[in-house]
Amino acid sequence: MNTAPGVPGRRKDAGGQAASILHASQLSSGLKPTSRKSLWSKAISKPEFSAFLMLVAVFAAFQLYTGFFLSYANTRLLLTILPELGIVVLGVTILMIAGEFDLSVGSVFALVPMTLHALTARYGVDPYLALVLVLGLALLVGYINGAVTLSLGIPSFITTLGMLFVARSMSIVAVGGNPLALADYPFGDVLVVNFGYIRASLIWYVGLAVVLGVWLHASDFGNWIFATGGQAQAAKDLGINTRRVKITAFMLCSLLAGLAGIIQMLRTKAPLPSMGTGLELEVIAGAVIGGTALTGGVGSIIGAIIGAILIRSIDNGLVMSRVNAEWFRTALGVLIVVSVVLNVKAGQFFSRRR
Amino acid sequence: SEYRFNYVMHSNTGQPFWGAVNRGMQDACKQLNVDCQMLFLDKDGDIAQEKTNLDASIAQHVDGIVTTIINDDVMDESVADAIKQGIPVIAANVDDSKHGAGNARLSFIGQDLEQAGYDLAAEMAKSFPDDDVQVVVNGVDLAQAWAAQRTHGIERFLQDYKKIHKGNVTWEVIEATYDTPTEQSRISAYAQSNPNLTAVIDVANAFPAALAMQDLGYAAGKVKVGGFDLVPPVMDAIKSGYQQVAVDQQPYLQGYLPIVQLFMMKKYNLGPWDVNTGKAMVTKDNIDAIEALSKEGIR
Amino acid sequence: MSVNVLSTAAAAVAARGTPLIAARGISKWYGAVNALKPTDFHVGRNEIVGLVGDNGAGKSTLIKILAGAHKPTEGHIEVDGKPVVLNSTRDAMRLGIETIYQYNAMIPQMSIARNIFIGREPIRFSLGPLRIMDFDRMSREAMKSVETLDLGLRDADTPVSDLSGGQRQAVVIARAMHFKSKVLILDEPTNHLSVKETNKVLDQTARLKEQNISAVFISHNMHHVHAMSDRIVAMARGHKIAEMAKDEVTVEDLHRILGES
Amino acid sequence: MNTAPGVPGRRKDAGGQAASILHASQLSSGLKPTSRKSLWSKAISKPEFSAFLMLVAVFAAFQLYTGFFLSYANTRLLLTILPELGIVVLGVTILMIAGEFDLSVGSVFALVPMTLHALTARYGVDPYLALVLVLGLALLVGYINGAVTLSLGIPSFITTLGMLFVARSMSIVAVGGNPLALADYPFGDVLVVNFGYIRASLIWYVGLAVVLGVWLHASDFGNWIFATGGQAQAAKDLGINTRRVKITAFMLCSLLAGLAGIIQMLRTKAPLPSMGTGLELEVIAGAVIGGTALTGGVGSIIGAIIGAILIRSIDNGLVMSRVNAEWFRTALGVLIVVSVVLNVKAGQFFSRRR
Amino acid sequence: MSVNVLSTAAAAVAARGTPLIAARGISKWYGAVNALKPTDFHVGRNEIVGLVGDNGAGKSTLIKILAGAHKPTEGHIEVDGKPVVLNSTRDAMRLGIETIYQYNAMIPQMSIARNIFIGREPIRFSLGPLRIMDFDRMSREAMKSVETLDLGLRDADTPVSDLSGGQRQAVVIARAMHFKSKVLILDEPTNHLSVKETNKVLDQTARLKEQNISAVFISHNMHHVHAMSDRIVAMARGHKIAEMAKDEVTVEDLHRILGES
């Protein structure tokens, strides 16, 4: 409810997307005389640009205030913990662009590694086979989310809220009563090995972001994702299988959440079924801060990355700034709102100038 | 089965600690052939829901109730009510701070949270240097009673310690949560902005703090780390030397013993009795012996 | 002139040979609503068919079935005389049936170029399932198509939400022409458009025949329908109530037929 | 994203509300010949009717399965805990009808009673004065939520997510370090006194529901709330001050959350700053189960009541059914989805028959 | 006929006395877009003014200022010769200016009766700030208003989303007539409407004068504008480019003026 921020250059219509079709005629002069904009002015009119500015501002402020924020050790830490959140934000951003929600990512973030852990440590399943099985499980969860939502015509908010409970419960069932030590995963190094400054997980994150970025922004399927989230009926009329697009996005979203959970479990060597509790709100906040519209059809991978970095940095920077524990969440809440506001305002400012 | 017992507690299902308690309860129930149900919460420490679950258990006329008394007032009425209706209620894990005087529960099986915090801090202080000491306490989420009580115990020790210690003693309480990456990030950030940090004392699993020290490239033991409860990553942290102490309160017993006790009370009319399930300090010295048991979910 | 001119029209069909597309006895129920009673309908080669009728008469329903967007409850579709089953609008597009829907014809947030190629993106190269769009070609061809319509548009990357209503309709028509469809279906394409832009759309439609494209033209403006069409089909309450060659009727006749229906 | 369930009798258009205007012409036969429906057939075509059926079905199933569910003791328990959730659902339902979200209700549910507690127990402020002050605080929080959302043009999802953190942090600040015993509140009895079977809070809940029901469904302001959430631009064009309507709804929502928090604190006698954590999702689920649209403009007080009862009963009924703890949330998640699905399907079934 | 017929029209005004509403030199900027250049416009007593022009010419902008929905950047409004400041549409309604907007004129989820009375609900009784609506009166009066328009509507509780486009426009017109406004502004009221429903709307508009209501009629259909209006104002790119009495021009003239503009 309420359209998303960060869509500069277009007037906000009360009725949202549909209205922007309706107001066709009002917009006839919308075509600026300078249609051939320079690359630069094109870049600064994008919502990601203002998110990026936000990022620079936040980094500069924390660094000036703490003196440590951009130190080797701290950036190393941030780069260690970023991928686990960031990978989930990638999936949720794409799903939100396709016009749907997923509240179950936090639970899937636990379910997948817990099942992997149970299969290997308890039942002695071959780690590779187990990995394949649990990634299949992640896809299945996403498929169920999508199929229930679309076939029964209920909001994904509800379907995935249900899945939030179900998947969390399942991850507890998976580990059972007695905590077992983590099995040895031959692929552990590939996912999380520490290279000194960075870990393998960062390479995975960057790699996934690049592949998904290309897929979303440059491939035909990506085009269909934007079309589906932007105006589902039109997309359907143009022959897009919007059901398939949405279900793919649901499945991808669960898959990435599960993968991120595996990475966290392998890195911390801690198979805790409580992993990722409350992650869903953090992730959606990250996506929105990065310029993704709650109403679908608008968003980007760069925005998803910036949003994830912001969420992680604000938290870390506030502790460095020695904010009192009691006031910590006040600062966090204010910063989230401020970053979205700046995002919107910066977007408007730059789009007015073009 | 002969009897139905409910175990009403205050945590959500995600905690491995409670997994062990549940396991103890299930084992006892199997051995005694009783029907047991453990009632978890949706949100950790949601006292209103715990009370609701307690009331629902009474409404169900179960034969006995085990509960955790995480607040001195909230549960009083319901517990008294149950006992009036002939349903025995015993406390486990957390007791009323005034013990039997503050609540009608028949007995208590578990650990004194505040005291355990005090004891953990005392154990860690054994390795503190003679000069200035700077401690950070991860209070996890001070809005939750168990966390606040342990924090309080830790702070009480530090106050006492300050009086006898030669060097300066300073400490600060932060809420770093127990979500692994968040805690790691916050502890790490704190350590960097306080390069003279002596110790991190955690009121929950301390392994994220140990991980933070490791990832910062600190030598093992440069910053002392201590916390509660034994789970595999905590044992790894102790073995690696990044965590010095973990307080084990033997959760399996906190699940097993109350059921046995209720059974005895119902079947043979035996009286209730208190059990201190311990405040065993697990360190590098005794970790190996304990790990074997932990793998079976008994410790 | 009588309303019952079906025979004359039938003669016209025979003259033109096998119709490009034909609907044979198709009907449509939406739940309990019988939006379309069993109806025959066809479009010949090089022919513009006007489709008129009251609100709710079933015009959009009929053309959505031809476009593959809905499945008929009864009846079937023939293309070039051969029965076909249209499972999606994609099937219809593949057979050369392009449609401009009454509502929601575009994705406002997306650029002109992307809108033109949605679902039929030119691919530069593929890496397994990853098919990378050929942006240059998309921009180039989009501009070329749009330029033929003379709209003063110079940047195919402009988002559609920045266009005027007339420009939008033109882009949709450009889309249809780009893919060299055989039949273009236009469902009330001039709504909300000014006299000038309406004239452009009518012009473009009239020029379709030069490129050997047939059309179905739906409108509530009888002047436009009469000016554009070779043959006019009138509907009411899900029935076809009249079918007449353009020369057989005047605008006033059309008004009378619809006023009485 | 995705329109709400439970709007029987109207076709679901892909484009949502705006589309339903657009499709005017397609709908011309929508006016059924039987325009003068009987009261009964009118009633069964309402979404609240199917929610009510759901309720009856759930009650019957739990009673048959457990034998205790509808016992005196258990219904008494349900009626004790219902008002605290129910009052919050009332506020959120009205806000959602007006087209906005509030994620901060759970934190306000703690902030208001904690501040009341701090004012009286720590600073010795007169209880009545303190009550007035904290209700004013609740209104202020709602005002800030609304004003920030509307003035800065950012989604209420973000504003109230920020407020979620801020208000929680403030409630911890309010109670400070050492816990104090609850002060004596002379108005405590008025709010929560136990009459045996029911408590005063139930009377408050019913009273509020009636007053708000009349206000929402029968008053002019209620009409404006539906209009604002249904089609904000049209409402504005018709001279409705949509900003005022929305801010009022935000303020009411916070006020009710605060009041419910006070009731819970007085009932449990526990001033815990963690009260209400995670309440926001439960409350939104309750509203949606009761037929409120996530997109605004659709909903009812009866639905809000039924939704709250369902959420509370499912939880309690599962406890009574002795569902294994590990599987508990699986059942909860499935039941939430099933109840919304039945709600939608029942709605469609009955509306087809009219 | 020349485009410059402003003088003739001015004479017509003088004949009719003080205009009901008049805009004096109003202009409008939306950010950097100058949607309306300083313009005079007026509506006399018992007069229907046609307003025509290209897409984006500024027609809707002009009438939104008259309706109080937007504030002019420069200039002012006079009602009955007296300057007024319209801070909201409510102010305009109070002065008897009722508007049917081009888009989003109703709340689809709400009933006919409620839609008619939004913002002006009849109150049965008040309990302090709680003003209870008089549902009976709303239904009764809504039905009465709607019946005069002869729509076959028999239940004022039907949600507007169940109505056809024509029925919706009729309800909006009924709303305006119910409140006995002095001036009714209709912005493209016949879009998407069939011949039959268009005729009804035109009929109703024509009958406004019987009730002493003036009107502003905006449309892209010159036949309709010519048929309805006493005076016609043409706009282009934010300017008024022509103003003429209906008898001075033909439909073809109008087409030409707009085609050239």
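We call the chains A, B, C, D and E, going by the order they appear; numbering starts again at 1 in every chain.
What we mean here is this: a contact is a pair of C-beta atoms (placed from the backbone, for glycine too) under 8 Å apart; a residue touches a chain by one contact, two chains touch by 3 or more.
What you see is a predicted model; the values in this text were computed from it and never measured.
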Third chains touching both chain B and chain A: D
Most distant chain from chain C by Cα centroid: B
Dominant interface by contact count, named by its two chains: A-D
Approximate Å spacing (C-alpha centroids) for the pair chain B, chain E: 72
Distance from the mean Cα position of chain D to that of chain B, given in whole angstrom: 35
Centre-to-centre distance between chain E and chain A (centres being mean Cα positions), rounded to whole Å: 47
Sites on chain B at which at least two other chains make contact: 13, 22, 142
Contacts with 2+ other chains: residues of chain A: 14-15, 17-19, 22, 24-25, 27-29, 168-169, 172, 231, 233, 236, 278, 326, 328
Per-residue overlap in chain E, given as positions that touch at least 2 other chains: 54-56, 102-104, 164-166, 192-194
Residue numbers on chain A that touch chain D, as the complex places them: 1-5, 12-19, 22, 96, 99-101, 103, 148-149, 152-159, 161-166, 168-170, 172-173, 229, 231-233, 236, 278, 281, 284-285, 288-289, 294-296, 326-330, 332-334, 336-337, 340-341, 344-345
Contact set on chain D toward chain E in their complex: 7, 9-10, 17-18, 20-21, 24-25, 27-31, 35-37, 211, 214-215, 218-221, 223-224, 226-227, 230-231, 233-241, 297-298
Chain C residues touching chain E - in the complex, by the definition given at the top: 52-57, 102, 164-166, 188, 191-199, 220-223, 254-255, 258-259, 261
Touching residues (chain side chain E, partner chain D) in the complex: 67-69, 88-90, 93, 99, 101, 103-110, 114, 117-121, 123, 129-133, 135, 152-155, 158-159, 161-168, 192-194
Touch list for chain B against partner chain D, complex: 4, 13, 22, 35, 37-40, 42-43, 45-48, 51-53, 55-61, 71, 73-74, 141-145, 148
